[in-house]
Structure formats: C-alpha cells, structure tokens
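Look at the two complexes coming up: chain A is in both, with chain B in one and chain C in the other.
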Partner chain A sequence: MSASLHPFRSHSQPARRIEGVIFWAFRLATYFVLACGLAVFANIFFKGGATVFQARAPFVNFTFLTEAPESLYVFEWQGRKVEMGDREFREFRERNPEAAKVKTESYVYSAGGIFPCIVGTVLLVIGSMAIALLLGVCAAIYLNEYARDGRFIRFVRLAILNLAGVPSIVFGLFGFGMFVIFFGWNVSLLAGWFTLAFMVLPVVITASEESLKAVPRGFREGSLALGATKWQTIRKNVLPYAMPGILTSSILGIARVAGETAPIMFTAAYVVRDKLPWDVERSLDFFFQGVMALPYHIYVVSSKIPQNEYTEKVQYGTAFVFLAIVALIATSSILLRSHLRNRYKW
Partner chain B sequence: MPPAESAAAPAVEFAIQKRRVRFLGLTLDECIKLFFGGNAVVSIVVLTLITYFLFREGAGFFGQNRVNLQVYRQAGLEYVDYLRRQADDHTALTRYLADVRLRTVQHHTRTSGKSLEEANAALTEFDVYVERYSAAIDPLRTMVGELSEVASAIKTKFIVNEDKKEERRQLLAEGKMAEAARVAIDRVDFEAELRPIRAGFPAYRTLNRELSSTLTQLAGNIPALPVPELQQRMERFAVLSREYVGTFPEIERSLESWDHNAPISASQAFSSFLFGRQWLTASFWQDWYGIIPLLIGSLLVSLVALALAVPLGVGAAIYVNQIATPLEQKLIKPCIEFISAIPSVVLGFFGIAVLGQLLRNLSQSPALAWVPGFPYSERLNILTAGCLLALIAVPTIFTLAEDALNNVPRAFKEASFALGASRLQTTMRIIVPASLSGIISAVLLGLGRVIGETMVVLLCAGNRIAIPDFTQGFAFIVEPVHTMTGIIAQEMGEVVRGSIHYRALFVVGLVLFLLSLLINFGAQKIVRRYRISVG
Partner chain C sequence: MEPPAATSPGPAGPASLRRPATAPGATAPTQAGAVPTTHPVIDIENLDFYYGASQALHDISLSIDHHRVTAFIGPSGCGKSTLLRCLNRMNDLIDGTRVGRGRIRVHGVDINQPDVDVIELRKRVGMVFQKSNPFPKSIYENITYGLRLQGVKDKARLDEVVERSLRGAALWEEVKDRLHESGLGLSGGQQQRLCIARAIAVEPEVILMDEPCSALDPVATAKVEELIQDLRSKYCIVIVTHNMQQAARCSDRTAFFYLGRLIEYADTRDIFTNPANPQTEAYVSGRFG
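Take a look at the complex of A and B:
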C-alpha cells in the first residue's frame, strides 16, 4: 500500500511549505518591530553616551549633568577652532582684548548642562504622581470594593475609558484654559501637576483595580466574618496585599507622565529659566513657578536650533538622559511586576 | 446575689457595646464609602470640565469669525478677490504653457538631438504666442493691484476704529469720562468708501470683453508642435482656455449683484471653519480659519502610520500568541511594552536627526524609483512622520490584539486540531476570525493614539499648511503637511489671549477631542457587539 493512500497521512508538502513561509513572515514582522525599537535606542545611547560619559576619570561628564544651559561660542583662535560656553567666553575676552574682533558663531543652549531640566522633570513627576495615585487608588477602591454593578458604575467606567483616549494636547489645552487662565495660576508647577495627574488617572485607576482584584475574596470574607467593618477589612486585609502591585503598575504611568511634552507646553514648562526651583522668596511661590523640563528642552533644542556638529552634542545628550530615566522607570516596573507575581501565589 | 439589680437591667443586652459616630447623620463607614465614591466620580468630572473649558474658550470663535467674514465683505476684499481669482486662474493657464514648453525643449534635445539653442530657436513662434497670452492679463492685474490697496485701506480704517471703540469702552469702564470723550471715532461709511471700487466696474467690463476676445482668438490658433502627444496637450490647453473664458460672464454677474451689506449667517461662519480649505493667519489681506488642510494632514499621517503598524502589530501579536515558543513569548512581550515607553519627543528628535535623512537617501536609490513620489527632497514629510507614528502605534495594537487572541477559548483551538486542521488553518480560520472584533478595536484605539500624537508630527511632518496634491496618485505621501495637534502646539504659545486665532485653536482642540471620543466609542461598540459567546 503506498503512503499517499494512507488516510491519516500528514499534510502534503506544499501546504507545509506555505505554512512555513507564512509563519516566517509573522516572525519577521515581530523581529522587525523589535529591531526598529532597538535601532532608536542604540542610536540615542551611542551618540548621547558620548556627551554624558567621557574617556578620562571620572568618566561621567558632571558639567553636563549639573549645570544650567548656556550659549555656545565657536570661533577660530590662533589657527584652531575653539568652543566655549558663555561665561568662559566672557572671561576669555577680558583676558584677551583682541578676541572681541574675532568672528564667532553662537548657538543657544548648546553649552553648559541640563540640570534645571532634570530637576523640573523630577518635580513634575513626583507631584503629579502623588495626586494621581491618591485620586486613582481611592477611585479604584470604590469601584472594586464598594460599588455594585449598575448604571452609575457603568457610566463611571465609560468615562474612565474615554478619558484614556483623550489626546495629550487636549489635556494641555484644558489645563491652560482651567488652571492657567481660569484659576489664574499662570504657567506653574501646580498647573502642570494637575494637568498631568488627570492625564494618567485612567492608567492608575485601571492598574489599581487589577491589583485589588488579584487579592482573593477569602481575605475579605474572613475578615468580615470575624466582625471587622468594611473599612477595617480594606485597610488591614486588602490594601497591604494590593499596594505593591498598585505601585509597580503605576510606575508605567510615571513613565508616561515623564515622557509627555504636549500637556506641559502651555501649563508648566519654560524654555529657559535662570533660577532653580528652590530659589524662591516665599515658600508659596514654589508652587506657582514654571520650570524647565527635559521633554520640552528636547523639543526646543531639536526644533529651534540648527543641526550641526556643535549642537548635536547637547541634543543627543539631553535625549540620552531623558531616555535613560524613562527606560530605567519602565524596566524597574516590568522587573518588579514579574518579581511580585512570583512572590504572592494564592 | 442582688436580684434587684438583675430586674433593673435592660431587656436586651449585647455582648459588645459600640457607640456609632455619626457625621451629618452618616456612620463612619458610610462617610468612607462616600469619600471613595467621590474619587470615582473625578473621571466624570474631569471629562465634563474638559468639554466645558474647550467650549468656554472656543465658543466665541464662531461669532468672531462671523465678524471677520463680515468685514471681509464690507471692506470690499471679497469683491477684489473675485477679480484676483480670475487673474490667478489665468496664471495657472500660463504655467500650463510653460510646462508644455519645457516638454518640447526636452523632446528636441533628447529625441531629436538638437542643442539647447537650436531647440529654443525652434520655439520662437511658440514663445511669441506665450508672450501674447500672458500679456493679455496685465490690465486686469493692474486693476486688482489698485483695488486691493483701496480695500486694504478701508479694512485698516475699520480695524483702527474698532480698536478706538474698545479703548473708549475701557476708559468708560474705568470712569474716565473726559478721556473717553476725547477718543475720536469716525464711523466708517462703507457705502461711500466702496464707491471708488464700484466705479471701476464699467472699466472692468470693457477690459473683460477685450481679454475675452483676445483669449478666444488665441485659443483658436494654437501653434503647431512636433509630436502628437504635445499637440494633444496644446489642444487640451485650448479647451481649458475656452472654459476659462466661459467663466467670465459668471464673474461679471456676481460682481454686479455683489452687495457689501449682505449679512453673513451663523451657518456660513460655521461652515467656513468646518469646510474651509485655507488656514491662513497673520496675513495682511485676510485671515482664514479652515480646518480641512489640518484635518487632511492628520488623517493622512495617521493612515500611513496605520498602514505600517497594522500588519506589523497584528502579525507580531499572532506570532507571539500562536507560534512563538514560551521563552520567546516571555522575552518579546516586555520588549514591545518597552518600546511603548519611548517618549514621543525622543522619537520626533530621532526623526529629525536620523530617519528623515535616511529615508531621503533611500528614496534616491534607483532600485526604489518605482515607489510613488520617490525620489524626493523634503526631509520632513508625511512618510517620515508616519513611520515614527507606526512605532508608537505598534505596541498599542500589539498588546490589545494579543489580549483578544488570548481570550479565544482553548476549546476552539482543540476542536479545530481534533478535526485535523493544520496550525496555519487553525490560526487563520479559527483563532483570528474569532478574535476579529478585538483586533479591529485594537486598530481603532491605535488610530486614536496616533491621531492625538503631537510631538512627532510637530517635529517631523514638515509643518506646511496645505492640502497635498492628490493628482499624482500615492506621491502625496512624501509631501509635508501640518496637523491639528501640531498647529495647536505650534501656535498656542504665540497668540493673543481672547483673539480669534486663540479661539480657533481651541475649536481645533474641540474637534480633536470629539474625534477621539468618537474613535473610542466605536472601538467599544465593536467589542461589545461582536463579542463571541461561548456556551
């Protein structure tokens, strides 16, 4: 009896081949996406790394990380190209009076560092996440612990879903219209905090609800059976087990907050500011001042100044620092989450 | 043993006595519940506030735009624009002639092997024709120039007066009567001011008649060209030219019946925004706020992004969910999630610094000349922005589509295998169709993500406010455009608060907001409607 008559024979060869080709196409698509992501990372890390790190000890370019941005002056001096920051150049001119006649090219923000931007971003992230976590966790507790399914709850969930889809620039406009103009806070940290907090609210609520759901029902029932009130149950038997999950999942929200530019463009970010945030006369002024922020600074240096070998350093350097911060946050979130999954097994 | 005491004890005695604290008649637990409930309402409140503030800042736009259009008419700018359009149409025809000339020269030098001088010499007759054709419009152009100045002057006068009125209102509000009385306001009498413009009508009519006869005569005897293909173009030109002349009586009629006092209705102010094909601000002549070029820009960029992201995202989801080994699954998912963490402004910078140049170099390689629009010279365009947006959309589409595939019950797969289907058949005919609603909603949410993206399009889409040229087929993908998100981000910082431009940007934001709600709503509807039920 020949094999071809066997009723349970495997699929014919051409069909196998087609299957193989199509599966390879899917595999290719997957790895192509990963390669694109990797290409962006690699480009920024290699070129930006050159600004942030250096070959000599202490290996990290502390000037770039700890100073404020300055203008860069490029000129020819005694047959060599010299690059100098603003302050250095001024001193140099005082020492060498003939330098005043030398033709210079200047590029704004291309010398010095990005310290005020780092500080501003950290402040924005901390404040907005504090607000978002408070509102988001409380909302999630209500939705998961108290609410019974009904028309109102469905409406709330619909609002959360829709809020998640609102473009970030619309949040920016809203923040500008409400906090900056209507409340009269002007361009300030406070306005930025609330705008960003409202933007990540859906992310935080969804993440918190999932963590609360992961706590087994038995925990609550046991506590209630022993006579604890609802609030005691939540406080002692639900939140402690859900909190690590809430925090780690919300870290992804932090990455999003740190990465957004559009909402802070009109609400919190200054193109340039000489003073650091803690240089305020009254402590209340702290909340009502604008700050420099990394994402906005990247936008400014990549669109407002020309692209050449002198400006490239600060552009890539800023992008590197920013990407490194965001990547660190995202990685820690992903790692912590898998760690947590292994820790609690119910 | 005190029996008296036991008799005095209350009839019901609890083991635990607890005093309930009450605030406003609510127990502590109810208060806590209310507090949490209040937080849950925040999302509704925020959504309402967004709507309210967008309306609050944007609603004044339509009224202001109506005034804007009213002035455009009253000051006679509209009248002059009729004539200007006529002159511009003529210019378009002249450009057509120049194009034909260029082709003829190319034909002479390449095919017939003539030198450039010889080719030019052979075209002497043609050049005389072009000269005559373009000279015919000169009187009309001069007239347009003169009238423009008059109309501009009227408009300026009106605006200055409006400013003075505002000044007086402010002075009066401050109680400075004397200063207010000193602000001189002379009412602009449009009827009188427009008289010089109207007076030109008989002159225009004679001028028009001459132009029409010249052009008709010119269209009647077109110069002969060497190749039938070019000759055909010239004949097409003659037809276009006659059609152009045919529009003259229409223009004359609309000029004659033009009334500077005809009111602009609210719907006109509305439709000039919604269907306006021009977004022109800070112009010395007339500002236009039409959303169409921005909307088309946003849509085109998003479509290019989705065309790239849907195959990649859905393909990757199918691969990871159905084909990949467990180890691959474990590694790829976090990696793609990681890509979604790349901030959009960094991607935009990458586009400016690397991708734009890369794509342009790629387009200049001869092997890719078949791609529509290649080679091109604008570094920042729809394609560059679309590629980067695709990278933003892929993680969204991937995650949601993978979820949808995951939700297909195991029994479906097992049943399919049990019936003898291969893996490919099971995947493509059972698993994917079963989760199609989830995949479609994933694509829709990806679209929402892409259309609302700001920084990438602001940095990489080229920022030219114009409707792309669709006549060349798919070549439009390499044209620069401006988008709704981009225009808000770019112009918001520079506008005066409360001005029409400022309000127009808020209305654009409102359109964006409604669009995103619509997309979200659609995605949810699709999921709910076509959810597979097991059982």
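Take a look at the complex of A and C:
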C-alpha cells in the first residue's frame, strides 16, 4: 500500500465542492453589504466634505456651521461672476446703488449655514432621550421586577412589540393630532420630544428589560435576604449594574430616531426660523417653539426648492454634518458604556 | 439531648417581627430563669408547601434549637432547600408558591401571618446561598450593605461592624488591607466567607446556609466548616448539604428528607450510626441518593 493511499487522503467529493460554493456565496453577500455601505459613506463624505471643509485656513467652513441659512445671490459684476449671501448682498447694494439694476439669480437656502438645524436636532435628541429613558426605564422595571406574568402583562408586551412596528409617519400624525392639536402645544419642541420619545420607547423598554435580566438573580436574593425591600434592592443592587446596557442601547436607539423626518415634520420642525431657540421672551416659551432640524432641512433643500448646483452643496453638507453628529452620539454611548462597565464588573 | 419541644416559645419572644402598628406579640417574653443552654428558635408544625399545583413539602414538623447546627440532608429534589427558603420566606419571590396547611413559628410568631413584616423577618433570619454572591462592590460596601439600608451612616460604627463581621467570618486577616477593593477579587472560599460576614453584619439570630460549600474546594470547605463551628456559640445555624460527611462533621442535629417528607430527625450521631428508619440507613450508608 503506497503512502498516497492512506484512508484520509483528500479526493474531490460533491459535499466538499458544494461547501466551497456556498461559502463563497456567503462571502460575496458580506462584501456586497460592505460595498454598499462604503459607497454611501464615500459619496456623502466627499461631496459633503467639500462644503464643510475648505482648502484655505482655518480649513473648516465655519460659516456653514455657525450661520443661519440665507438666500444666495449670483450676478455678474464688473465682468466677474459673484456669489453673495442675502445680508452681504444688501450691504453691497447700499454701497453700490447701481447694483440694484444688475440682473441677479437667487437661490433660496443656498448660502449661510445650518447652525439652527444643528441646535434644533441636538435639543430634540436631548429632550426626547430624557423622556424616553424616564418612561422606558420605569416601565421596564415594572415589567421585569414587579409584574407577575399574566394575561395583562402579555398584552402589554404585545403592545410594545407592535409599537416598534408602527411606521414613523404614523407617529408623526399621532403626535400632530395628540400634542399639536389636542393638547394645543402647536408645532413645538415639546410636541417633538414626546413624539420622538414614544417612537423610541419600544427600543428603550426592550433594552432596559434585557439589561435588567442580565443582572444575576443572586444579587437580588442576597440583597433581599439582608432585609432590603424590593425597591431598595432594585435601586442599590440592580439598576446600577443594568445602567450601562440601558444607556448604550437607548442612546443608539435615539440616534436612529433622531434621523427620522416624518415624526417631526408635523410636530416640531420649521422650514426656516430666524430666531435661535434660546432667543425667547419668557423661559416657558422655550418649550413651545418650533425648531429647525437637520433631517427636515435635508428634506426641504432636496425636495421643496428648485434644484441646482448650489442646493446640492447644501444637501450634502447637511448630510455630512448630520452623519457626523449621529456618529458622535453613538461613540459617546460606547465610551459611556465602557466607563460604566469598568465600575461594575462581575 | 432534649426532644424537640413543639410549642414552647423561646425566652426572647420578639414583638418586633410583627409590623409595629399591630398588636404586640401574642407570646410575651417569659422568665429569664435558669439560662438554658439551648431553646427552640424555629418551630415547624405540619407544614405543607406547594409550587403551583405540585406539593413540595408534606406535613413537616420539626423544631430547630438555638446554638446548634442543624443539617438538612437528602437526595436532590427532596425539599430540603425549599424548607430552608420557607424559613425566611425567600420562596415569596417565586411565582405560584404557597404554604398550605401548617405553620412556621419563629419565637412563637407565625411568620406567614399577614401582619409579619418580611423585611424584619429577614433581618433576623439571614441567609447564605449556594453560589457565593458578593455584590460587585468593595468588600467594605458588601459588609455594610445591610446596615446602610437600615440607615446607619456613622462611619465609626460601620468600621467597627466591618471588622467585627470579618473577624467573625475568619476573613479579617486575609482582607484587612484591601477592604476597598472589589469583593469579586477574592477566591471562591473567601467570597463565601464574605457572604457569611455580610449576613452576620446585620446581627441575625438564625443563619440559613443553602449548600454553602458545594462550589468550594476541600481546603476552602474545611475553613467554612470550621467557621460554622465557631458561629454556633452565637447563632442558630441551619445548613442544607448534599455532603453527608459534612453533615456528620459539623452538625448537632440532622434531618433526613425524602420526596418532600421528613423521614427522620435526630441527633447527628444517631442518624449516622444508629438510624431508626431503614430509608435513612439506606441513604447515609450510600445505598441510594
């Protein structure tokens, strides 16, 4: 018997060939997903980066990040093509009265920046997160720690599951009917906060329940056996350990929902607003004002105004900033988690 | 040895077990008289216990003495842990459990009466679990957890309790330099002794131990057993164990359970050398279980 005829020698079998083909299919599917993701990011990164960054110092287009949107005026002046924002153009005409007769083309929202949108989105995220965390964590504690399993609890869980499947536009209409009309809050931050919070609630509740479940039973029993009440046990010996998981998942959920246009378009978002949110007469007015928001601004500049090369710059620039903010929120949640995890390990 | 007295309440009849608002304890403290070396702390009378529809304990009657180590032995599923968890009402945490007929009395007070505050009960009847469960906090915070819940904030008092409890659990010398490090950094045996220290920090009268050594190596087990011997002078200890040698080594009285019934309850010596019941004999001699 020669050495090559040992019982484990390799020879082609149909099973091995099929395995090879299938594995390649899995691999290609993964590469395809990766390619799609990269294409989207690269597109926004390069086109948006051209708006947000610039070649000369300070390399960042601060006007775009710190100014409100303006109309852009384009005209011929002394044989050269000039682009000016609204305010700049008005000053220019005061200095040069003859400019009033120049034929100009104007492009709405194509000059200035998106500062009010950034502020509005950040405010919407913070407020809705606070509301969603408060309601969601309370509900999760009730469901996981207090409630006894029964028909009612099963019904509640079903409701939460269904809530997660409701399309965002339906949340928007619900918020409009409930908060804007019925409660009379008008188009306001408060209405937007609650609408977004309701939308993210299923995520927060589910994540909180999972995190609470992950806390070993022994910690609860040990605490109760020392004469703690159930609430003392939860507050001192369950919730602190569950908090990293709750926060991480909730913040990621919010980051996702913050990108939705539909829930805020009827409840909180203005197409344009001159005043910044803190520019209010009475402090209570703060909650009852509409704001500009990044996702809605992208929607407006890409579908509600005539399209041209100037609006495209704003669209991609806004998308770029928006992605950066979402990435920032996600990163901060991951940092927060690793920080809290190091405090409580078991 | 005296037979397990079924009804007489101990000399210290605690009214505090009941909620303060209700009538003071039905069994008033009696004479201090000739200090008995032991007296029953827990009386169990004809106890039936159910998990949902299935009955886990059938007609259990026994009485547990102070300053004694009482061991519950028996094969898995015989109800010994269930009975132990009845004694501080930890079974309340499990849905669908209920006490049927019968009573458990601690110092004469029926602990399943609605006017009994389970929090007060658990302060007096502490528990150590099978799987050591130090909280993911520092050793110091683990020990002071129970006292802080009771609102004790005095640093000097807490320090004192930490030292006393750790000494009581024979752990002080090993951890005195790292009180503020996590309790989870200790070895398995140290963790279990930390849990014992945590239990005695709230000054209970009874300590229930649910297979405290089942996850420990022989050296750590020996230390815990030694500790149990030391604790006997101050506490009433009930220990559930799978390990018959352990019961023989460190208990004064042993109860043998089988299929939810108490088969035999006697001095440990008698159970292991001269059992009255053939089932007990079969079990302790290793013929089943």
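The definition used in the following text is that the second predicted complex is superposed on the first by the 312 of 346 C-alpha atoms of A that agree within 3 Å, B and C clash if a C-alpha of one lies under 4 Å from a C-alpha of the other, contacts with A are read in each partner's own complex, and residues count from 1 in each chain.
As a working rule, a contact is a pair of C-beta atoms (placed from the backbone, for glycine too) under 8 Å apart; a residue touches a chain by one contact, two chains touch by 3 or more.
Source: prediction; values computed, not measured.
By the document's definition of touching, of the two partners only chain C reaches A:228; chain B does not.
Contact with chain C, but none with chain B, is seen for A:241 once the two complexes are overlaid on the shared chain. Of the two partner chains, chain C is the only one that A:148 touches; chain B does not reach it.
When both complexes are overlaid on chain A, the residue A:102 reaches neither chain B nor chain C. Between chain B and chain C, more residues of chain A are touched by B. In the superposition on chain A, A:139 makes contact with chain B only, not with chain C. In the superposition on chain A, A:219 makes contact with chain C only, while chain B stays out of contact range. Shared interface residues of chain A, touching chain B in one complex and chain C in the other, are 229. Residues 148-149, 216, 218-229, 232, 236-237, 241, 344-346 of chain A are the ones that touch chain C when the two sit in their complex.
Within the complex, the chain C residues that touch chain A are 88, 90, 93, 95, 119-120, 122-123, 126-127, 129, 131, 133, 135-136, 145-146, 149-150, 182, 184, 195, 198-199, 202. The part of chain A that touches chain B in the complex is made up of residues 11, 15, 18-19, 22-23, 25-27, 29-30, 32-34, 36-37, 40-41, 43-44, 135, 138-139, 141-143, 145-147, 155-156, 158-174, 176-178, 181-182, 198, 201-202, 205, 229-231, 252, 255-256, 258-262, 265-266, 295-296, 298-299, 302-303, 307, 312, 315-316, 319, 322-323, 326-327, 329-331, 334.
Residues 28-29, 32-33, 35-37, 39-44, 46-47, 49-50, 53-54, 56-57, 311-313, 315-316, 318-320, 323-324, 332, 334-339, 341-350, 352-354, 391, 394, 398, 422-424, 428, 445, 448, 451-455, 458-459, 485, 488-489, 492-493, 497, 505-506, 509, 512-513, 516-517, 519-521, 524 of chain B are the ones that touch chain A when the two sit in their complex.
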